[in-house]
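Some structures to go through are shown next.
First chain A sits with chain B, and in the next complex the same chain sits with chain C.
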Partner chain A sequence: MSKYRVTLRPALDGKQPIQRNGVSLEARPEGTLLHLLAPPSTNELPCFSEYAANLSLRPVSPGQWFAVGDTALPHADLQALASSLKSEADIVDQSHGRIRILVRGPMAMRVLAKGTAVDLAIFPVGHSATTLIGHITAHVTRIDEDAFELIVLRGFAESLWDELVQMSLEFS
Partner chain B sequence: MTPYRLSSGGLVDRSKPLSFSFDGKEMQGFEGDSLASALLANGRLLVGRSFKYHRRRGILTAGAAEPNALMTIGEGGRTEPNTRATVQELYQGLTAQSQNRWPSLDVDVGALNSLLSPFLGAGFYYKTFMWPAALWEKLYEPFIRRAAGLGRATYEADPDGYEKSWAHCDLLVVGAGATGLAAALAAGRAGARVIVADEQSQAGGGLLSETATIDGKAAHAFAAETLAELAALPNVTLLPRTTVFGWYDGNVFGAVERVQKHVGIPAAHLPVERLWRIVAKEALLATGAEERPLVFGGNDVPGVMMAGAMRTYLNRYGVAPGRQVAIFTTNDTGYALAADLEAAGIPAAVIIDSRSRPAPSGYNGRTRIISDAVVSDASGGKALSGITVRTRNGSETIKVDALAMSGGFNPVINLACHRGGKPQWSDEKATFLAPSGLKGLSLAGAAAGIDGLAACLEDGAAKGTALAESLGYGSTQPSFGAVTGEIAPAPAKPLWTIKGVRGKAFIDYQNDVHRKDLGLAVQEGYGHVELAKRYTTNGMATDQGKLSNVNAIALLAEARGVSPAEVGTTTFRPFYTPVSFGALTGTSHGHHFQPVRKSPLHNWAKKNGAVFVETGLWYRSSWFPRAGETGWRESVDREVKNARKNAGLCDVSMLGKIEITGADAAEFLNRVYSNAFLKLPVGKARYGLMLREDGHIYDDGTTSRLAEDRYFMTTTTAYAAGVMNHLEFCAQALWPDLDVRLASVTDQWAQMAIVGPKARAILERIVDADLSNEAFPFLGAAEISLFDGAVHGRLFRISFSGELAYELAVPAGYGESVADAIMEAGREDGIQPYGVEALAVLRIEKGHVTHNEINGTVVPGDLGFGRMVSSAKPDFIGKHMLAREGLNAPERPQLVGVVPLDPAKSFKTGSHILAKDAAATLENDQGYVTSSCYSPHIHSTIGLALVRRGSSRHGEEVMIWNGLRDEFTPGRLCDPVFFDPANEKLHV
Partner chain C sequence: MASLVTCPHCGARPKEEFTVKGAALTRPAPDASQETWFDYVYLRDNPRGAYQEYWHHTSGCRRWLVVNRDTATHEIFETRDAARKVTA
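Right, the complex of A and B next:
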């Protein structure tokens, strides 16, 4: 056993959920976020749910998805999943590189409209888009009627959080 | 009650008085007042001084076109100059100051300009201040700017917030008057997503000033009812106090919402202004029409007002315009005003109608009518005292204290012309109409040249219904019942030149352009509409000629003897009305000015005392000062020496990192790099050079093969995104047949350079793998575990410093903890953190290049990388252009080292290289210093330079010339590798 103790430091360490009138902000746990890379013509990954039932898929681009989950996947499990999926897609682990922020509530769209040009009102549940929130690139998924998940590069996570706090100020 | 406030009538709330001040004088108004209506109610006619002649000016309009009543509102950081009193809502405690006067509005020294007016005509700047030229900047311009002008901005910080937002809709209705409301109701009822933007404090437009009834209801009540229905529709968004200022590509409209410009102390959680970008499938301009002034002498004396504005002050605000009112009109609206005045108990003294026709059938008043007549002059000082009326039979002077004028109407078509369309002259309407065939934008009501309330309601409803249907929403056109008691404006008889004028007849009030100025412009060869605008300044400044342009064009046409259609208009551009810098800035100031990108080792660096430097959006640790060190150089020297003697740890997480997978990944890399990559073995890293198509170096970095079909590429920090885009383009557009997949993993990994002779010993304490030189030699690359399997990372034996060095990548969340562990593991070996300054010294000592040298103009051979251009590969990006003669010319600048002859002397990056005895001229320039630093190992300043034929001139004495500081340092060119030229340290 190594004498060194290593610990995880979340990118949004210390950021408490923000609850405003009609909208809340919450940093999602830094669990698992896998970048699945298949040939661009691939429309679906039929085997994926068989091997990773606890992960949800977010479309990224033709042939690419993010698979997200709230708990971390042990290294050995990731290796096993990668080899099981090899015929369908390559996996690149982005669990530490991308941070998820949840914006929820009837005013979520109003808040996000201050940053993104995507028309969220006609954005179906389950759909995703990579867009700018202000000056920061983020991947947006409508995960529920009134809930949007933002996936952002770790280095920008704190800045995006600060922006969202400002953008939602109207509803305080 | 204030002297001109009527005891009843209007939409102001007389139970809610508001105090405000104008030029320090306390006054009273009511809730619902504009600042202008409150000033008029207080009998304040003189409200400003004109731009050039400092003439006394009163309130002319009741809306956005106001050229005269510009005021400075607020105090301290909230000071806002050039606010139109006609748009500003009154609030409790509002403070307003008049502008462009000294010492006071009533007594203004600048009014002496009026006496000089014969010399201050159009173009006087160009004629008068020609000589001596040197005085222009020092004397003339500052003086002119001081004498002529608008309000002054404050130097204090604005305490309020601003923001931006996007909005999307099927139909954007601009303007919530009768037309706009009817259209919005039609489309809203049909189910379309509708946004209604209206610039006024209260939506309703002309309905709020109208005394006609709709289906038996007062017009303002109809507006309120319709707005209530619209507000209740979930698919309709109302944006009051919102001016749509521009039409842009993609049918995007810019609009600014005055969220809190009508309150004294804005709430902190709300912005004061919000900038909207509205994406509309269709837009309908229901922007109405602007009433045209008439160009007679003294048409700027306080008390002269647009007829429509007078009607608004009377009917909407309950303010009497005067005791003796004259109306000068070219159309029937003058009669509607006369009827309203009579109904309010202020019988108009006289109607002067330029036409020769009886009063309109809807008018039953008793006012004296002089037809086929004009007002040639108005007279008065601080207030109007009389007018001269001319008929065919002579002239007559009539005492009045208020004069309404109506020269016809110009549809407000500005937005429709923002994307290149030119306004079209209509002889029938005697004005310009919007260009036809616009895509995504149509016009309705008065904005489309339609006259009268009933017709506007009908047109709005019809067009709203048709647009909804075209967008897929079936609809029934709403009907609104009969309009009763209306006197519509038509028919108008245009009246451009009024005969017998004696005084100054103003066309552009804000710029003090009068009739003679336009004549002068034509006479002096500036008759083209664009030239006339610049020569006379007509149509410039904050109102952009809303009142003046059509009159100016018609008068130019008369002077040139052509039709207004031939004169045409100047170019319409955003913004329709001025937009504050605050609104355009939004939240992007202070802490939110730009995003901050933080390394996963940011907190580690911070607790180790790093001084940070902004590198793009990244915050990089620059150096790590220690107690007792007196300056950055001392810290950097220590960090550099320690890295070469013991060990150093540097955060290199910012380097771009790209994972490349797929069956054809090797072939892909072989094509994007100039050197060979096809046969790079698994477990090995290689330095790669990426060229542009034109053969010049684009970026460099190492790429490691982690598995047969998996590579890990690093790029420079600055080009991380650019290289990713480049690779995506190559994969998607150039070689879609290759199976290659790309993922940016820059943020996934905390990456640390562990550098120095003791690096291996330190890493062996935390890395589980065998790190001996045999097991993991130079350029080794492996996926490894640390801390007995607790963390999985990647280790690369690569070196930017020339030392035995590793780069360790661990998942970002572990970065801080792993860096702590390395520091702990290396404490007894003397490990120290080092920053990018020390990193730069280490690499310059070693002759390694960065984008200082890869400056966009160099090819591999220039940097001594000729051997990295594969001659065996059939193709790679840049291969063919690299063969061009010029890229192989012997005279090209080449990488070379440079040192001062006297080690005590120094030189700066950017200094130029001259031959030893050459004069310091551009012709003698032989190249420049691309990087330099003090080397604690060479004990002098050292530099890298790109110098003509540099590689064959080692040992030559040169002069290093800093032209900015006029410094000359004798130096010598040398090998660019200053330290360990045999690379022995890399392989230990």
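Right, the complex of A and C next:
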């Protein structure tokens, strides 16, 4: 038995939301984040919506999606979802492994444009893309006209947060 | 090197998102001669002009692509998913 106790704490624990003129940063709750993997030729998962009404589905790459929710999914529900999707896709629970950061405000696009080459001006609401922000791989979803949600690997979350703080400094 | 690569899944992205593996060559038959295999594994042409390479969209969709580009003008003629068979 190790003398060090493993304690669960959010990756962005202690990071207060940042409020600037025209842009805000906020760590989203570590609720549910499932990685759905299907053959690359799969265009949609018709079975998904009827079983997981409170999870939103975001395309990652051909045949892959993230299913995202603010609250933790009980184990039984995850099992039920996995068995109902069995013929379509496999599920990997990444709730502990990927962190969501919300960048909101009229200047959110200007802040993110400093880090990524994706043209956010022609990025429709609801659209997702996996890209680099600086040197960190992140998944970007435009969830509203002026709001972008980033999904990043847990180990990179603090670095990305610090970079976003720097990138938004001009609006303070 | 070309600085914008058009991924068939993600659209135009900077080359920093990609990893280049090298020339896209046809794999010899398993029972081909040792000379043919040595050639396939180690020997590379270094052409000035058209070149076909495997690129991996590491920081994007993570799909392997075949990029058809010009080593002199940096022009990219075609990109396709490596899993897509070419009908020649």
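The rule we apply is simple: the second predicted complex is superposed on the first by the 165 of 172 C-alpha atoms of A that agree within 3 Å, B and C clash if a C-alpha of one lies under 4 Å from a C-alpha of the other, contacts with A are read in each partner's own complex, and residues count from 1 in each chain.
By our rule, a residue touches a chain if its C-beta (ideal position, glycine included) is under 8 Å from a C-beta of that chain, and two chains touch if they have at least 3 such contacts.
What you see is a predicted model, and the numbers here were worked out from it, not measured in a lab.
Of the two partner chains placed by the overlay, only chain C lies in contact with A:L132; chain B stays clear of it. Within the superposed three-chain model, A:L102 lies out of touch with both chain B and chain C [touch as defined at top]. In the superposition on chain A, contact of A:A82 is made with neither chain B nor chain C.
Of the two partner chains placed by superposition, chain B and chain C are both touched by A:A117. In the superposition on chain A, contact of A:V165 is made with neither chain B nor chain C. Chain A is touched at more residues by one of its partners, and among chain B and chain C that partner is B.
Applying the stated contact rule after C-alpha superposition, one finds that A:V92 touches chain B and leaves chain C untouched.
With the contact threshold set out at the top, residues 40, 117 of chain A are in contact with chain B in one structure and with chain C in the other. Put simply, chain A touches chain C in their complex at residues 40, 60-62, 117-118, 129-132, 137.
Residue ranges on chain C touching chain A, taken from their complex, read 9-10, 13-14, 16-17, 58-63, 81, 83.
Residues of chain B that touch chain A in their complex: 161, 163-168, 193, 269-271, 277, 279, 587-588, 591-592, 594-600, 603, 617-618, 659, 661-662, 709-710, 732, 736, 739, 741-743, 745-749, 766, 786-788, 790-792, 811-818, 821, 824-825. Listing the residues of chain A that touch chain B in their complex gives 1-2, 4-11, 30, 35, 37-40, 63-64, 75, 90, 92-98, 110, 113-114, 116-117, 119, 121-122, 134-136, 153-156, 158-160, 162-163, 166-167, 169-170, 172.
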